[in-house]
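Take a look at the structures below.
Both complexes shown next keep chain A, but they swap its partner, so chain B is in the first and chain C is in the second.
Right after this comes the complex of A and B.
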């Protein structure tokens, strides 16, 4: 940034500005991020579950490493991602297939956010209490 | 200016109230292929009235400050579709964007539309955009003769079916607002689909299935991720994403 005669800042970066899309664009950005995140989780999950076929002991060893607060927080994030992806996925299906879907896409986005908040309020406290009550033994 | 209206007494012409002018800072993304390796931002201060448009600001800069500033415009009234550009991060027609609708306490960023090859300053190469447009066969096709010495008849309801998509002025604001198009220049893009929709749902046309086939391509309607950037950008208020959804459904049905 350089200060010029007008006293404003002229950006140095040659790249353009970030496109200022609205709800539709950000809902898609989130949908893709959560979709890719869920994909990588499933990949790991298939690998760890397949340990059962090697030996139940190896499986138990891997699974027990998950039982710590960091993983507990990770599980919360995973559920948050899946819940958003699922609700917004239904929104996208309605946009494509319901004749009034495109018209109500913005309303439906806020419904998705509302449902997400309600679901997470139901899930996160229970889950985190469960996770942190085991901290330090047990 | 509101006071000028209130002061006007019936019968007598309104006294000339001084119209307030503002200093507006525009930061424009410049690129001269003969000199620059990459685009650079340059700012200009211009005196503007609230009723002026960004196009007027560009004119003032070109005519009074820097004649090398390059942009396209023709009609200056939102008809020809020449001057789509990114204004404060959103695709707009410069000739339809009023200063009063922008926050002029901050500089206004103006840059070329995204996803098409940048040629100079605010001008991009529109050829890939028009190539996609041509590919959807945007003209009436019918093998049946019209009634002798008569036009082809169409009911009001049949005409209304595709009314929205007749309004397109091919400005490319929609196509160049689409995140899918930015990363995949092969995607037909919203404007081509809008113009296909115009004929697919025209009761007089007989080539709907050809166009549906073309758009069933891997780079066709299924690339659409419903971000609604196109609908938000269209200066004609066309419900672009709705039109794309209707074409998707027509492909699934196998008929319009």
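Right after this comes the complex of A and C.
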């Protein structure tokens, strides 16, 4: 407890808040970071896809840069960001609209992480095999 | 004249000015579009990255095949509009949180608006003016159905 300017006591660390500290805060930080990353990828992705309007050669040239191993790892990270943002977005909706949402927000964060792990176990091996099995031509 | 002093804990009753509550609709939009985008983007990733050879199979012919089907044209148009507005509004929230100087904020918000409008217009035009069989292109780069036209 500390004396504030009004002369009353305020706790140094507010207890039981949704957005300060621990799962509530870190889920929010991750949501922001993944959101910004996805937004910038979206700008690039619309521009690269627009190459279909120039010529088949132009599109194939730009899309082939997505097929090298380093970009393959980048795509895995991008999908990881999208899957987290999607599942945590559902958690946010439940916090807002479900009567017990705020009570279970911490549990729901770990459910989000669990579902994220399961989804990425389904996605990453398949995608990385697609990317790396063709390295060096073919 | 006696002044009425409200209880410090009295609920704030000031009425906001009339008109559309854009912040409320923005809040609703983020949630509604988010649910739809989850389905659209997971479907997009599944079909483009997990089916068949995944990203290795993506080329002009692949896109030409997809966009010859109105189903995928509508799917991608919805994804484009919903995602750009969802992302633009999210970026707006972040700029409002961190840009403390009025000029900086205006410039950044303007840049977001320009980017969102430009990408939506460009993307929509590309989806609906796209020719899967452009004249004079080598047949091996085009979808197989171009040969029978």
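As a working rule, the second predicted complex is superposed on the first by the 118 of 138 C-alpha atoms of A that agree within 3 Å, B and C clash if a C-alpha of one lies under 4 Å from a C-alpha of the other, contacts with A are read in each partner's own complex, and residues count from 1 in each chain.
Quick note on the criterion: a residue touches a chain if its C-beta (ideal position, glycine included) is under 8 Å from a C-beta of that chain, and two chains touch if they have at least 3 such contacts.
Worth saying up front: this structure is predicted, and the values here are computed from it rather than measured.
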| item | value |
| --- | --- |
| Partner chain in contact with A:123 - chain B first, chain C second, else both or neither | second |
| Touched partner set for A:28, first chain B, second chain C, both or neither | first |
| Which superposed partner A:67 touches (first chain B, second chain C, both, neither) | second |
| Touched partner set for A:95, first chain B, second chain C, both or neither | first |
| Which of chain B and chain C A:105 touches, first, second, both or neither | first |
| Touched partner set for A:20, first chain B, second chain C, both or neither | first |
| Which partner, chain B or chain C, touches more chain A residues | C |
| Overlap of chain C and chain B interfaces on chain A (superposed complexes) | 92, 96-97 |
| Parts of chain A lying in touch with chain B, wherever the complex brings them together | 4, 6, 8, 10-12, 14, 16-25, 27-28, 92, 95-97, 101-103, 105 |
| Chain A residues within the chain C interface of the complex | 32, 35-36, 38-39, 42-43, 46-47, 49-50, 52-53, 55-57, 59-60, 63, 66-67, 72, 75, 79, 82, 86, 89-90, 92-93, 96-97, 123, 126-127, 130-131, 134 |
| Chain B residues within the chain A interface of the complex | 25, 27, 29, 38-43, 45, 86, 88-90, 107, 109, 111-112, 114, 177, 179, 225-229, 231-232, 239, 241-242, 245, 248-249 |
| Complex interface listing, chain C residues touching chain A | 31, 34-35, 37-38, 41-42, 45, 49-50, 53-56, 58-61, 63-64, 67, 80, 83-84, 87-88, 90-91, 94, 115, 119, 122-123, 125-126, 129-130, 134, 137-138, 141-142 |
